[in-house]
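Labels for the chains are A, B, C, D, E and F, by order of writing; each one numbers its residues from 1.
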Amino acid sequence: MARTIIPFGPQHPVLPEPLHLKLVCEDEIVKEAIPALGYVHRGLEKLAEIRDFNQMIQVVERVCGICSMLHSQCYCQGIEEMMGVEIPERAKYLRTVWSELHRMHSHLLWLGLFADAFGFESLFMQFWRIRERIMDLNEATAGSRVIVSVNVVGGVRQDLTPEQCSWILTEVAQAGKEIKAIQSTMLSDYTVCKRTKGVAALTKEQAYELGAAGPTLRASGVAQDMRQLKYAAFDKIDFEPVVEYDGDCYARGVVRFREALQSIDIIRAAISGMPQGDISVPVKGNPEGEIITRVEQPRGECMYYMKGNGTKFLERVRIRTPTFANVPPLIAFMPGLELADVPVAVLSIDPCISCTER
Amino acid sequence: MLKKFIDNSRAKSPWIMHFDCGSCNGCDIEVLACLTPMYDVERFGVVNVGNPKHADVLLVTGTVNPRNAKVLRNIYDQMPDPKGVIAIGACGLSGGIFRECYNVLGGIDKVIPVDIYVPGCPAKPEAIIDGVVAALAKFEGLKG
Amino acid sequence: METLILMILGIVVAPVLGGLVSGIDRRVTARLQSRFGPPILQPFYDVAKLFGKVKVINNFWQVFCAWVYLIAAALSVGLLFAQSDLLLIFFVQAIGAVFLVMGGLASPSPFSQIGAQRELIQVLTYEPLIILVFASIFMVTGSFRIDEILNYDQPLLAKLPLMFIVLGYALTIKLRKSPFDFSTSHHAHQEIVKGVLTDYSGPYLGIIEIAHWYETIFILGICALFWHTSLVGVVVLLATTYFAEILIDNTMARMTWRWMLKYVWSVGLAMSFVNLIWLHAG
Amino acid sequence: MIENMKEITLDAVVGEASKMKSDGQRLVALSCTQLDADNFDIIYTFDKELVLTNFRVTVPKGSDCPSISGIYFAALLVENEIQDQFGIMFNGLVLDFGRTLYLDEEITTIPMCNNTKAMTVKK
Amino acid sequence: MLKMTPTVLKNLFSKSSTRMYPFEVREPFPLYRGELFNDIDKCIFCKKCEIKCPSQCITVSKDKEAGTGTWICDPFACVYCSICVDVCPTKSLSMAPNHRKPSATRDMIEQVGKLKVPKKKKAAPKKD
Amino acid sequence: MLPMMLALVILLPLMAALGCYFLRVSTIRTMIVLGTGVCIAATSLALFGQGSFTYSPGTILGISWDSLVTLADFALLFVILYYAFKLKNQLIKVFAVLQIIPLAVFELFFVDHAAEVPAFYADSLSLIMVAIISIIGSLICFFAIPYMKTHEEHLHLVKSRQPRFFFYLVLFLGAMNGLVLSNNILWLYFFFEVTTFCSFMLIAHDDTEIAVKNATRALWMNSLGGVAFVFGMIWAYSVTGSLSIQAILEAGPMDGAMLVPLGLLCLAGFTKAAQIPFQSWLLGAMVAPTPVSALLHSSTMVKAGVYIVLRLAPAYAGTFLSEGIALCGAFTFLACAAIAVSQSNGKKILAYSTISNLGLIICCAGINTTWAITAAIILIIFHAASKALLFLCVGTIEHGIGSRDIEDMRGLYLKMPRTAIITIVGILTMVLPPFGVLLGKWMAIESASGDLFVIVMLSLGSAISLVFWARWAGMLLTGPLREKVPAESQNILTRFTLTVLAAATVVVSLFSPVIYTGLIEPMVGKTYEITGGVFSSPIGVFAVYPIFIILAAAFIYAWIDTKKSGNIQNGASYMCGANVKEPGVQSFIGPMNVPVEIKASNYYLEAFFGEEKLTMWVNFVGLALIVLMLGGAL
């Protein structure tokens, strides 16, 4: 049979980040896909040896620009647990608000890119237009559109004024309305369904065994969400993990779509339940010991392993990001796809290569 | 007259290509945001092309490491003249916070000549638009 | 003589019109996406800029193919204006299509190769439909000659409404609009980069862009035949059709060619049968 | 704090991993640390219904580690990563990048192996 | 099919949401962490910013003999985290709510100021 | 003069064939072949001067030629029977016997031997066929001289089998000429059988297992055609009482009882023209050396079948049979074009495309209007030339690169520039205006436009054929820019035949208006007005000269610009930035930093057009259509 060998990446318009796939196709059906990474690898874990544990916050925020808030949250939670610091309630709520804003903007971004992957440009534009509302919120409340940099060990750096709170509520409500306006396009348009349903499907068992994380896992019917660990304010805020059962690209899209809407509810609950008080506590000393912390990033479960030795430099920071966990499923479901579905499938795990390679 | 029209058109139709050279995505999504309704750089005739052979302006974000340096060089070489390069974000400018990592060579200008540096971490879409406009000025100077 | 003048007129006017249509298209598309959009004259700036770029090729046959594509497209429009034979015009246009594919295949880049293969599949899909449309026009008017067709006394649209929709499929494919824009797309983000045009650059890309304008005018010209009886009718029909194309482009995902081949052939052939049987019966 | 930590030996890794697999545990991560000049620590982290289970394995410098990628396909990426960063080689990797997952030949030292400062780029 | 039609038609008939930057510039958000400025007259060259900066883009040096201090910042390496602003004991550092403009050349911000009397300098670290 | 010319075109090849067989010296053989070729080619052109004629040869040595032919006929049938026993093939035995017995009964009891039946009749159609056979056939024979030498070198033969090969090859030319000139249907039958036998022998020439198997298949299928012919002939005779084809045709459109024999004769034509479901013998025939494929199976022998159908066209005009033939032809056109898409073997593509085009010609015969008949004749002329050229090109390429798979021909331009360009010319003349084949196709589509089913099949078929042609032409050019492409060395005869044929396909296309006015119009009647090289009729216009001139100018201009581009900047092809840096290397840096060579292949669309997938259905439909055609005739 006549084969075509395609270098898919590192520079490729549908791949927002450099990732290389060697695709071997027959009549555009992928027969073999071997990935190559390393285009984004910086080696930032090693920076822990020359940046003190406070400076490392800024470093881990830049592991990934799209979920930067959750990286620093996970890192700070770990350090706080290691040092036995209990942060103020208000700080927990504030972290929740920003983390959910982050999840929303990340999901909207993904939904747009996903639409772009199957060639639906105007849907992409629509999602990104809605996303700008969240970006404005970030910029106005935290000082930067993308890397909000609000977390410090012991709490948060910024507070929300009541006006800001109500502004956030109206903006996210508006965003929610606009998202719902394109719900029918995203979830039931013939062409969208045709391009996503049944593509790159993973069964529940496969997804679990391959170690998938986050929406990829939940789309296959496993109700696992790290927010169930009740970190930050999630011990007070009720939520149900969003689960879909088909495990295909469509289901992954639905999970993220619904999660974006769910985040609005969580933000609303967090703002309404937010107690008054300090936003941070002073921290003394240096971290010592070993710790594993996990948070739910937009892309799924993120795990930090940290080892302190009583100096201000951590001995080891090990970051296992959700995309890292989702790459093996990606390798597994590639063969058999149509070439046209490759971008859809690759994007369906919401790849964040800078997370993966750090 | 035709020549003049061509020269004038050069500044009116910068086709950009974005290459992520190991950035944290922060600058990338801001570059993409420039194309979206809120900022819409197509107002300046900017078209986002996916292929260096069609591009006039290369937007590069992120740090350079040995592996992607080869790719960056290759892409730059494949762009037909006249061309411009815009480095975006602290990482692209100097390596940023990652300058001292073992797999980071530094900024974009270690590999290819850079025309415009857009600082920021990440650079705001407004800053990127400013950068593109500044790059257009370079093309305007390129008469003949 | 008159034929010759018309032909030259067509060849001169068509790219200007095509460029304008393309500019308006981009503006309207932007508005549909809630964007401001580029200036109307943007396509001309783009092409002018492309001609100002340094020439880079990786196989000189690309140059040859680009030129033949342009000239064939121009010639087909010229023949259209000269009111020649529909089928002949179409076959002349097919020269361009074949050379575009050959140009794509001339580059060893896999994206260009895949684009060329997909382009062929697009040709495979729209060609029978267009021939059927022409055959149906023949069945109504009794001629393939445009001058004879123009003498027909009522709008073809009334007799061949479904055939016009079939032509609409061909138009969508030819204009490279979603859902059929997979051999090369106007949108930046495609799995095969720029498909058949991947390895074209600078002036040669400009040549192909101009040829694409000719093709736009060619296919709009065919559409115009469906309401040739009144000028207003032509304008309304073309404006509506083109707007519908832009709308479809903006409300659909890009499909796969397998889907296109099955869907367009089955729907197109079914519509043609229904319309033609209705024509015979009526 | 690290939950359910268990110390095992190098040759027990595969056996323990298959036990975890049959128990329905999901592989979360392998975390490698340099203990001292001659020893590395690898922590295998598994998860089942949000509860973590961990193994700690000490790998002497220069010795190979058995790969669990045959049992957990998901381990292939992280094992390749450890090969790159720590120079510990894994036997039986299903897809062995052979120290080219992240690094090109320009990086001559094993980056995370010695506790010296990260390489600084010449300005 | 065509489920998107109402949305796109609505877009067509309403004003485009494009912000016409750079022709119309929005009022900046006051909290935005933009360009870094150092009011060199207030600076006491305590090196706190240099030490705390996660990106290590600030170099402070003192020339005791000349009685001057130099505050150098590499704006191309600055990650705009505002840690330096937070830790600055004299509030001489500040961030404008506007982004730093692109430039065609690589230039350092180098500011030279007079050293203050030692007493004040000692006071600063104590504040921590 | 006329008898002389007839003897030259029919008997000279026979003599030459004997000469080739017995004078086993390669130089002499070459001289004989070249001499005969030039002779018959010249004669065929001279025959045009003669115009249409009728001729009876009378007697030789007191024996009538008719009896000689009859004797030879039986001899041939017994030879076939002998081969049937040798091959132990029951089908051939049955078919041979089914021909011998009815023919014997017919000759002995029915035929009125006293009746004067002119043996030869020629009109424009015959003369055009003679010209095609003599000129293109001769060129192919010339090509065969160096080809067979290399071929036998490849096979490492101890004893040359070329005498036998050229015996059949040259004999065949005479037989074909006889076939198209015959008026006596018995003569026609005889020549029909000779071509069948020659074909059998030539397919089996390489004597491999597969060659013998395919030759056997060809023999039984063509024998089936022979059986249909015999029964059609006898039945027709019983209705009209004449052996003269002209007499049958002059009676005007037939109906009722006469349709079945006509149908049977057409069926014979179908088998010979390898129409669905008889296509498999022609495909099998591709194992033969390329000149055989070119001569027998593309440009001439299969045209014999088409010729019979076309010759009889006036007899069944306006009947259901005619409609049936049109449908069968159109279906073959579509189905074989579709299957050709899934093929990567160059010769098989050509074979399928041949069958497909024959289907188109037969479809035209079935449509049976003057426009359609004109289209058919135009197609016969130009298809023969282009297809022969393409076959010879594939043969040359096969000797050059050792493969006939089109995937292996990717980038052929860098290895065999001359052959590659000539191949592309051949391909373009097959699919693009203003070349003759497309002119014929245009006429065919315009004349078929009234018929819903036929036009649908034709439009689909013509689109599909564009696919496999265009990609083949394109992939020959694939390759990175090179400073200089090395010149190609070609045998002088190879170069001569290829160049002449390529030039002929282009130049003759330019003269299509002249050919039309000079040859076709007198025969089928005026259908197109020709002014300034523009075909025009009330339903359509085809501007040959203007398009030719403009496109020629375009090609020249494009070529000049291309030449100028020789010194412009050289870019590597786009590979997502992962190119391996060395210039000229088409590889990218893949996973694990290993260079991976890029590779592209055509889409063969097995899921849609797979040979195995379609063949059964296609045969079924084809058979059903034939049954419908004959059944309708009953």
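Convention: a contact is a pair of C-beta atoms (placed from the backbone, for glycine too) under 8 Å apart; a residue touches a chain by one contact, two chains touch by 3 or more.
Note that the structure is a prediction, hence the values are computed from the model and not measured.
Listing every chain that touches chain C and chain D alike gives A, B, F. The most distant chain from chain B, with centres taken as the mean of CA atoms, is F.
Put simply, the chain closest to the centre of the protein, by Cα centroids, is C.
Using mean Cα coordinates as chain centres, the one most removed from chain D is F. Among the inter-chain contacts, the highest number of C-beta pairs connects C-F.
For the pair chain B and chain F, the distance between mean C-alpha positions equals 59 Å. Averaging Cα coordinates per chain places chain D and chain F 69 Å apart. Distance between chain centres (mean CA atoms), chain B to chain C: 33 Å. Computed from the mean C-alpha positions, the centre of chain D lies at a distance of 41 Å from the centre of chain E. Residues of chain C in contact with two or more other chains: 30, 32-37, 54-56, 110-111, 113-114, 188-190, 193, 198-199, 201, 250-252, 258.
For chain D, the set of residues touching two or more other chains reads 97, 100, 102-105, 111, 118.
Shared contact sites, meaning residues of chain A that touch two or more other chains, fall at 4-8, 10-14, 28, 34, 36, 38, 41, 43, 46-47, 50, 58-59, 62, 120, 122-123, 125-126, 129, 144, 147, 185, 189, 191. Chain pairs that touch one another are A-B, A-C, A-D, A-E, A-F, B-C, B-D, B-E, B-F, C-E, C-F, D-F.
Within the complex, the chain A residues that touch chain D are 34, 36-38, 41, 43, 45-47, 49-50, 81, 208-211, 224, 226, 228-229, 289-292, 301, 303, 305, 307, 315-316, 318, 320, 324-325, 327-328, 331-332, 356-357.
Of all the residues in chain B, the ones that touch chain F in their complex are 19, 51-53, 70-72, 74-75, 77-78, 80. On the chain A side of its complex with chain E, the touching residues are 51, 54-59, 62, 120, 122-123, 126, 129, 136, 139-144, 147, 149, 157-158, 181-182, 184-185, 188-191. Of all the residues in chain B, the ones that touch chain A in their complex are 19-30, 32-33, 36-38, 48-52, 62-63, 65, 67-68, 71, 75, 96-98, 100-104, 121-122, 124.
Residue ranges of chain C in contact with chain F, taken from their complex: 54-61, 63-64, 67-68, 71-72, 75, 79, 84-85, 87-88, 91-92, 94-95, 97-98, 101-114, 116-117, 120-121, 123-125, 127-129, 131-132, 134-135, 138-139, 142-145, 148, 193, 198-199, 201, 258, 261, 269, 272-273, 276-277, 280.
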